[in-house]
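Worksheet: the structure to be examined is printed underneath.
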């Protein structure tokens, strides 16, 4: 029985005057992943943002290692990698510059070699000196995920990570996720297709449609 | 101090972005010049009159230029998702925000200080008064950036945010305007500017302590 | 000992407010009549300013209320941001228009007073100028609240703005006074009326209380409307007597 590192109790979310969902409970331990399902507008992104601590839930708590995330922001942020819908990249900067700046803001001094290595691993070795503006959506997404290689984080919360990726890229990202889980990481993600993360990792599904 | 690297990381990224689009620095400057040119055109070119209104006029132009520049403080980061990532950084958000505000001042405020002598000459201000004016702008423009950041954070993603920011922030700018322009006018009248400067300085210290924290709170609210 | 927290949810506050509103309207009427009577008939004619000065019985209480309401808004804002209650935001946004109204009334009556006395519709006196700035602060709050679509976010953003505002109000007032004395502007201070007869003071106090009762009546009415709007989909609203009848 794996101890739950991420623990959400009684989460409810209201957007405008509409209650999106109530009484959501989930526990996730090391090496486990959660797949959020639901129609568009069911509140998947809202739930991810609540888990990441960006949005306050209308009711309920999110606990990380048995402590509310609001009370240990710095620690939680260190253990968390959140990639949302947005590119999260500055269009005018190259991928290398983007990564270096973002990591510095996260408090990590990454060497140029390490960044180059990470980008190459994501198949972007040839594009690391181009301004992000000229990259395709899929390449930008892979650039973002390169950050995951340089920034050790236990919990990954990813909002549609496979968006705009071709078949090979999807396979690469799935391998990345499998490695993360094998190393004891946690994963919460949404996607339009059920991810294939192998039989070893323990996966759960939470369907938000009709969870009013 | 352990937070300094985070401050500089945030500052550096914003400055690097400005380097890629150098025209942005010039926009604030040109606006400043245009507004100060409008005044003689609207009021009349008599040197005595211009000399009298110069401190207030230049201060108001600086105020409006900073206000315009507030648009670029958070909006772009919000649109491309980097603001969210900043909020999720393990480093203290108020330090990162202080870095952004400082970058904003370097781009929108400091150029005004450096351009002030030229405009001051257009208004026929004596050289020593120009010196006091530059000093008042040097202390005052960071104050405008810090206070303005709170307004920019509150109106992030709200409708009509450009005008709305002005409505929110201009009343808060009034003390800075009074002490800043007042310093120069007081000096010209022979009463010395020391009192004004100490008040301006006190406000700046207060703002540097209080504003990043209020801005952080406003950002978290706006990102919900 | 009343359990205040019992009333911190809209569902329990709504009926309580409903009972209180007629009480406050009654108070407004009584205090208003008494206050106006004192203003017009009991307070003595001023030696220098004649009858026109009587407008201070509206002007001064209106100024007091505009300031007081802003502080109350800041109080609710602090409560709302600390405890994340829905009611605080509703109360704050319910109070704002009334506060703005009093600020506007204060400015307008100040001008009406000023014209016969000093020949100008507006003087840049420290208190009037500060009142004008307070009016802008109110407008800013209302504009911000209206511009944000999500009600909860609008409440929280407005709350932060009122807190920032309330901290700045003393600074702004001080700077305007400074500015006024330095420029030797209109030093005719509207508060430096000739020695106040005690009846004048009583008149102003009673008018102030009348305005306060009015504020509570109107704010509670507004708050109830906001509650109905926001919580339209909840169970307690659906079960309200007035709502059930029309269903």
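All chains are identified by letter, namely A, B and C, in their written order; residue positions are counted from 1 within each chain.
Methods note: a contact is a pair of C-beta atoms (placed from the backbone, for glycine too) under 8 Å apart; a residue touches a chain by one contact, two chains touch by 3 or more.
For each chain, UniProt lists the protein as follows: C = Heme exporter protein C.
Just so you know, these numbers come straight off a predicted model, no measurement behind them.
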{"item": "Chain closest to the assembly centre - both centres taken as Cα means", "value": "B"}
{"item": "Farthest chain (mean CA position) relative to chain C", "value": "A"}
{"item": "Intercentroid distance (Cα basis), chain C paired with chain A, Å", "value": "47"}
{"item": "Inter-centroid spacing, chain B versus chain A (mean Cα positions, whole Å)", "value": "37"}
{"item": "Rounded Å distance between chain B and chain C, as computed from the means of their C-alpha atoms", "value": "32"}
{"item": "Sites on chain C at which at least two other chains make contact", "value": "149-150, 152"}
{"item": "Multi-chain contact residues (two or more partners), chain A", "value": "56"}
{"item": "Where chain B touches two or more other chains, by residue", "value": "224"}
{"item": "Residue numbers on chain A that touch chain C, as the complex places them", "value": "14-19, 56"}
{"item": "Chain B to chain A touching residues, read off their complex", "value": "5-6, 9-10, 12-13, 16-17, 20-21, 79-82, 84-92, 96, 223-224"}
{"item": "In the complex with chain B, residue positions of chain A that touch it", "value": "52-56, 74-75, 77-78, 80, 82, 84-93, 97, 101-102, 104-107, 109, 131"}
{"item": "In the complex, chain C residues that touch chain A", "value": "84, 149-152, 230-233"}
{"item": "Chain B residues touching chain C - in the complex, by the definition given at the top", "value": "150, 154-155, 157-161, 164, 167-168, 170-172, 174-175, 178-179, 182, 186, 199, 203, 210, 214, 217-218, 221-222, 224"}
